[in-house]
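Following are the structures in question.
Below, chain A partners chain B and then partners chain C, in two separate complexes.
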Partner chain A sequence: MSKRGIISKFFSYLFLIIAAVVFLSPIFIVLMNSFKSKFHISDSPFTLPDEKTFEGFRNYTQGVAKTGFFSAFGWSLFITVFSVAAIVFFTSMTAWYITRRKTKFTQILYYAFVFSMIVPFQMVMFTLTKTANILSLDNPVGLIIIYLGFGAGLSVFMFSGFVKSIPIEIEEAAMIDGCNPVQTYFRIVFPILKPTAITVAILNAMWVWNDYLLPYLLIGSEYKTIPIAVQYLKGGYGSVDMGAMMAMLVLAIVPIVIFYLTSQKYIIKGVAAGAVKG
Partner chain B sequence: MRLKKYFPIFVMPTLIAFIIAFVVPFLLGLVLSFTEFTTVLDAQWVGIQNYARAFSNNDFKNALWFTVKFTVVSVLTVNIIAFLLASILTKGLKGTNGFRTIFFMPNLIGGIVLGYIWQLILNGILHYFGVTITYDPKYGFWGLVVLMNWQLIGYMMVIYIAGMQNIPTDLLDASKVDGAGKFQTLKNVTIPLVMPSITICMFLTITNSFKLFDQNLALTAGAPSKRTAMLALDIYNTFYGKAGWEGVGQAKAVIFFIIVAVIAFMQLSYTRKKEVEQ
Partner chain C sequence: MSSITLKNISKIYSDGTIAVNDVNLQIENKEFIILVGPSGCGKSTTLRMIAGLEQISKGEMKIGDRVVNEIEPKDRNIAMVFQSYALYPHMTVYKNMAFGLELRKIPKNEIDKRVREAAKILDIEHLLKRKPKALSGGQRQRVALGRAMVRSPDVFLLDEPLSNLDAKLRTAMRTEIIKLHKRLETTFVYVTHDQTEAMTMGDRIVVMKDGIVQQVDTPKNLYNSPCNLFVAGFIGSPGMNFIPCEFDSKNKVRINGSTITITQKEQLEALIKDGGDNLTLGIRPEDITVDSEYIKKHPDSVFEAQVDVVEPLGSETFLYLDFFGTRIIARVSPDVTFTQGEIVKLGINTEKLHIFDTSSGENILTLN
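This part shows the complex of A and B:
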């Protein structure tokens, strides 16, 4: 290799390593501080815990007790899993139907779904909360229905894009062989839709798991999800228990990192595919 | 086909959820922006008075200006750094996947958690100067920019990498043979060919920055005296922080929606134009 090549390689690595340190250090600093006593966090967050400041897992036990972390984790998991399942199951069916049966009504429906993608949450924040209250949807199960409705836009759009690329002859053959539309859809179409289903599931899971405002407004007074539990620590006007806060941040990040490292390939692919379409 | 009678199975569940979670709240929101109300049911028509109050509201004007400035700075920094990282990671160096994994990870962490992570770090740095992040709006502004960079760089980088990997290598070789320098190759070959990725990333960073809420709430919550509140947070504060201002809040939300919609339509027409050219 030429001398210039080696030098350019050296600087590339140098740059990457510096960037990697910058990217990882915030998480490391939070982890480090989660083991320090709460009085030694704000004034010296960049020092390692020593004999004087080390607290073991006390911040964790206190943080978990204060926020009810495990119940928040349970609700986050429950809401995310069932919302994502509902979104993938119902919107893929809808997308297939309105793509395959072109009438004026299904066309209008398609454009309504696409339109909803660009509407920011604040536009419907107040009225959606009131509507959900009136219909008694202000509970975890109701929230799943709300997620299905509010998440339908992007998901229907992505599934429709993929359905258009499936040759209709396959479905016609199934129908001639005696399948009704429901059988055709579940035996033939849905298996073909699987890659898009994974993308849709990942994008929605990231949204629902991390969403703060919608669950806070709808169910926040009775049920906490993880983001609500973290924000709850800040509370009203009192000072924040920094120790508990650090422990909660670590506990909030750990499930995401585990999920990321186990299904990284799908996540990066899904996010890139979603961006290109969305 | 015999699809017609299957409408209830395929479309009804999604449609009902969509009407509850989107159609009704959206239309109700439009109507209510012209009324004075506290609970939706007691609305009194007041014409465009709410809009006049919104535009003469200093908090709103400040939030709008803050949001625009923040968006411009974030879009530039995020995209330049992401592009740089992507061009290094497509050189075929060893360890590329590991670096990509690290840079992308912050994107999966939710906004509330991100906000508190950076509050710890920025307050830790500012502690050396005897101040905190809420001391001066400037600190909050740059704090949000740093946070946004940390969160979005990896995401945009993934999209740029996908775009760069699609450049045929013979084009790059040809420009080398023709004696083009590194900068000329970048300007005349790489950038024009990854233009679709650049467009996608620009609009993703614009909309993400413009609609920022959770990070803003967690990092500064608008302090000092609402001067670091972005549009979404200002709308939230108007609804839930000031009694009797619900109508103005809804009018602000409609204005916010219109700005976001204009950005989205610009993207749409731009992509359409590009597709025709190709």
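This part shows the complex of A and C:
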């Protein structure tokens, strides 16, 4: 390798290491502080726990008890799993239909989905909350339907890009082999869409799992998801049990990090597959 | 019984484009028929209508005795091999081949037997556990053929199946498909734009242009007696030479002041009634010679032309010549050497001429 090559490699590694430190340090700080007592967190938030400050798992047990963590975890899991499943299932079918059926209607539908991607949530949140109340969607199942609506734009866009890259002959071969449209979708199209489906699932799972505002507005008082439960650790006059909060934050991010790590290899595959053609 | 009947078949798209226009064709049981023509001539659309992948706008289509216009592709008992192979990428070779049979609820042991038999014939037994992405182009093509074979269909439809292969593999697969047809004894309908494939593989060839069938005949008849200028130019490699000419008198045709004597003068006189001043003479490259013996013996049919390009191919040489402003090609012996710009004497075999009406393109006289 030439001298110039070595220097450029050195700087690119240096940049990546700095970026990794910047992105990982908040998680590390939260993890570190979750084992310290709440008084020591505010005194020395950036030091490792020592024999004086180490609290063991006390913050965790306190946090779990104070927040009703397991109930919140259950609701978060229920809403995330079913929202993501609904998004992947319905939007992949929609994308297949609007890509294969070239009519004015499907074109308008496609642009409506793309347009919905650029509308910020804050713009519609009050009208949406009101409409959800009127339609009795202010419950966990209703929330799943609303997440399906909000997630559809990006997901249809991503699936459409990938469907375009599937040769139509594969579907025609399936028709000749004996598939009806439903069989063609489930036995041929969806398995081919798997990398994109996993990418869509990861992106939506991270969003739904971490979302605070929508569940807070719609179901916050009755059904607490993890982000809502955690913020209940804030006491009166601005006092916050930082130790318990840090512990709960660790517990909140663990499932989504595991999900991400197990399926991250598909993200690049899925994004690239959709992006090359279409 | 797997004959195919196309009666006044047309395909008209919603924007008014006519892709296939009033095609009438009778494909016999066990026949190997080739649909050939340039891009956009309607050959693939015709095949897709037989498959049921395109709606028929007008006319009636029968497979055997059954009208299939409204019958779904899966119920036509046909199998199709696509240009892009169209293998299912998420399935192994075995699964790809077995899929159609599974959908038809064939017992598992029967599926296994059929898949292994087909794999043995196509020499892909060792590939059964692989996925399509791990196969070469030729292997994929074999799998696509295997997928079609296991179904034991009434009709095989092949849409330019060799066009994605390199020249050597294409020649090898061509022979394989011919053998397969002999072995399976089923009706084959094969689409190609490659006239070498058409000439070497088919029992009969259907030449199409602009959605219209130009001629249906055996390869030999198409080559020797093309019905019009298009077929004459399309069939044969290199294609037939076309030279503008005029009817001179009785048994002579005039080309730029010189004349060729046509031996079968009665035919010529009978066919060219109205003066015949707008004719095209067609001659195959192999019917033009530079042999001095022939030229001495036939002084009535000798012309001069200037050598433009010499293409030595080893077994033969193509001479590209400037013949009174018209580019013509002669297929000559590789032993004769020529240089660019040289004026050569050409002998034209007057017993192998074709005369076409230039305006209609129709063949009005074939001498064989």
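Note that the second predicted complex is superposed on the first by the 211 of 278 C-alpha atoms of A that agree within 3 Å, B and C clash if a C-alpha of one lies under 4 Å from a C-alpha of the other, contacts with A are read in each partner's own complex, and residues count from 1 in each chain.
Assume a residue touches a chain if its C-beta (ideal position, glycine included) is under 8 Å from a C-beta of that chain, and two chains touch if they have at least 3 such contacts.
Note that the structure is predicted; figures quoted are calculated from it, not measured.
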### Message
Contact-wise, after the overlay, does A:45 reach chain B, chain C, both or neither (first, second, both, neither)?
### Response
first
### Task
Report for A:213: first if it touches chain B alone, second if chain C alone, otherwise both or neither.
first
### Message
Looking at A:191 after the superposition, I want to know if it touches chain B, chain C, both of them or none. Which is it: first, second, both, neither?
### Response
second
### Message
With both complexes overlaid on chain A, does A:175 touch chain B (first), chain C (second), both or neither?
### Response
both
### Query
Which of the two partners, first being chain B and second being chain C, lies in contact with A:100: first, second, both, or neither?
first
### Summary
Of chain B and chain C, the partner touching more residues of chain A is B
## Note on the structure
The shared contact residues of chain A with chain B and chain C are 175, 180
## Note on the structure
The chain A residues in contact with chain C across the complex are 167, 169-170, 172-180, 183, 187-188, 191-192, 194
### Query
Given the complex with chain A, which residues does chain B contribute to the contact?
1-4, 6-7, 9-11, 13-26, 28-29, 32, 39-40, 84-85, 88-89, 91, 93, 95, 99-113, 116-118, 120-121, 123-124, 127, 150, 154-155, 158-159, 162, 200, 204, 211, 213-214, 217-218, 231-232, 235-236, 239, 246, 249-250, 253-254, 256-257, 260-261, 264
### Task
Spell out the residues on chain A that touch chain B in their complex, using ranges where they run on.
9, 12-13, 15-16, 19-20, 23-24, 26-27, 29-30, 33, 41-46, 90-91, 93-94, 96-98, 100-101, 106, 109, 112-113, 116, 118-128, 130-132, 135, 137, 145-150, 152-153, 156, 175, 180-182, 185, 206, 209-213, 226-227, 230-231, 234, 242, 245-246, 249, 252-253, 256-257, 259-261, 264, 267-268, 271-272, 275-276
### Summary
In their shared complex, chain A is touched by residues of chain C numbered 51-53, 72-74, 78-80, 82-84, 86-90, 99-100, 103-104, 147, 151
